[in-house]
Amino acid sequence: MAPPVPTASLSVTELACRRGGRRVFDGLSFSVTGGELLALTGRNGSGKTTLLRALASLGRAESGTIAWAGADIAWLGHLDGLKGDLTVAENIDVAERLRGVVPDKTRLEAALASFDLTALAARPVRTLSAGQRRRTALARVASSRANAWLLDEPLNALDAPAQAALRAVLATHLASGGLAIAATHAALEIAGARVLELGARDARGELGA
Amino acid sequence: MTAFTALFLRDLRLVLRRPGDVVVVLAFFVVATTLFPLGIGPEQNLLARIAGGVLWAAALFAALLSLERLFASDYEDGALDLLLLAPGALELAALAKCAAHWIVTGLPLALLAPLLGVTFGLDGKSLAAVALTLLVGTPTLSLIGGLAAALTLGARRSGALLALLALPLCVPTLIFGTGAIEAVATGEGFTVHIAILAALALMALATLPWAMAAALRQAGE
Amino acid sequence: MATLHFLANPARFRRFAQRVLPALSIATALAVAVGLYWALVIAPPDYQQGETVRIMFIHVPAATVAMGGYVLLAVLGASLLVWRHPLAALMARATAPVGATFTAVGLITGSLWGRPMWGTYWVWDARLTSFLLLFFLFLGHIALSRAYDDPDRGDRAASILALVGAINVPVIKFSVDWWNTLHQPASIMRLGGPTIDPTILYPLLWMMLTFALLFVLLVLLRTDTEIDRRRLEAAEMAA
């Protein structure tokens, strides 16, 4: 049994971000802690990706604060972040090494199995379909020991079995104390998920059940 | 294995899986160099005098050809985000990529150039000078080109823009590289030139990884 | 409301510019008139070069101010990257083309002066080469800042370039000391004081001042235009 990971927590205060010269949201305040899933919803262009990138420190916020505590972040962006000429297994392995972590073979194999990728482990990623690549990227996140997952449209390109696999993996992650923030169009259908809807212009984030 | 080594080996592995990319660059080097004797004529004295300059200029253009893809593929497939998020220094990551680029571009060019130098009628000492100056000078080209590549990620006309930015910055290296080869040919010592080439390489090493990291962060925003 | 933050400093700049520009324009025009008359008519011809020495009164100030312009570009770049000063980006966009022009004037006048003085229009010595590099650095800055759909991205990339290229300025300045160049060594800014005769030194210094004023005037005017351009773009996006 793996040792428990430290719990991450996030506290966001009065966050405002611009994209392409216009402000996408401001006055955003919320907090997330271990075991919680926060779903970011809203129309296209409402700033879900911008918010997620700002939380990951990939993008810059215009004002406000983002305070992480004890967080080891795993990122799933709009793009898969996979190298086409490497195999599925190699991609996940090198991704862990780039985080400065020695990859754990059992975790890797378990993650591949959860997303039904065991048979594809030795295939170069460029030969896979979009859905298979997305599953590989998700397996990368799942096999890491990160306690904070930031996922941008994780359900994209996934068929029904894959979506079920994602929900199962998410549930396990949350149960072991990890937190997850996911920007999504489609419903994640996970019990207890909080929803933050980003509106069009000056969105003031209201947390709903 | 540190993150630096992991990234370095990853990039090498990626190149090895597509050896054609490297072969194209080296082939360009050979073709471009051969154009000069064909265009200028076979007069041995003249060829020997321009050999250093031709080899260096062709090596520079060949290195530039491959630089456009240095960060572009990571930018396009989203792997750059993962590099930006990695806990280690981004400067080291940039350096790891430039090092991998040098191994598959600068180093082969430095080894190939003396072979081509023979066709220009260079003597043994000059050939050695060609190889040595390129060995010492091409790392600087990889670093400068890496900076130009990072600055032009996602820009319009990035190929031409990369050349516009990189070539002027590479001029000092070019001047001292060819100067060293000339110095050997005229019998003067070339230690000063090599020393300056090495100094330029060290200066590039000490400053450009930070500039590259800054540029990569801008690209991620 | 989103544009208010943007306007904070540029608005202050615009008020400053509106106060200063009329006086500055008149001062510059006067300085040019006085300087040209002094340099072209009053100052004596050189005992060796004759009348062609008068090109120096354009060449040296243009080249000096061009180098100063690059230093300004580097400072603006640092100010943009470190403090995210919105005005720095706009002023940098204004400065680069002016700097490139002054560098081109320096290159052309230097070339024209070189022919009668040293018998050649160009030579690849350290100073001329590094000064030509300055021209390319300006061009690179202009191209890079405008190569992106997102102007902020272009401004920041160009700032990094400006800082990296700053090493070239001391190289230009000291190249005539470090190497045997065809270009003559420093005659003004050197230990031991200037070596030029006062009847030529003073009009030269006046022309340096004139070119500096001209540079500042052009940069202020262009920055004003860049503010308008950025406002227009912001308005188009919000519409």
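All chains are identified by letter, namely A, B and C, in their written order; residue positions are counted from 1 within each chain.
Heads up, the rule we're going with is that a residue touches a chain if its C-beta (ideal position, glycine included) is under 8 Å from a C-beta of that chain, and two chains touch if they have at least 3 such contacts.
The shown structure was predicted, so the numbers you read here are calculated from the model rather than taken from an experiment.
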By mean Cα position, the chain sitting nearest the middle: B
Most remote chain, CA-based centroid, reference being chain C: A
Selected pair, greater C-beta contact count between B-C and A-C: B-C
CA centroid of chain A to CA centroid of chain B, Å: 38
Centroid spacing, where centroids are CA-atom means, of chain A and chain C in whole angstrom: 49
Distance from the mean Cα position of chain C to that of chain B, given in whole angstrom: 32
Residues of chain B whose C-beta touches two or more other chains: 221
Chain B contact footprint on chain C (complex, rising order): 81, 129, 133, 136-137, 139-140, 143-144, 147-149, 153-154, 156-157, 160-161, 163-165, 167
Footprint of chain C on chain B - complex, ascending: 147, 151-152, 154-158, 161, 164-165, 167-169, 171, 175, 203, 207-208, 211, 214-215, 218-219, 221
Chain B residues touching chain A - in the complex, by the definition given at the top: 1-3, 6-7, 10, 13-14, 17-18, 73, 76-79, 81-88, 220-221
Chain C-facing residues of chain A, complex: 18, 20-23, 62, 202
Chain A-facing residues of chain C, complex: 1-2, 5, 150-152, 233-234, 237-238
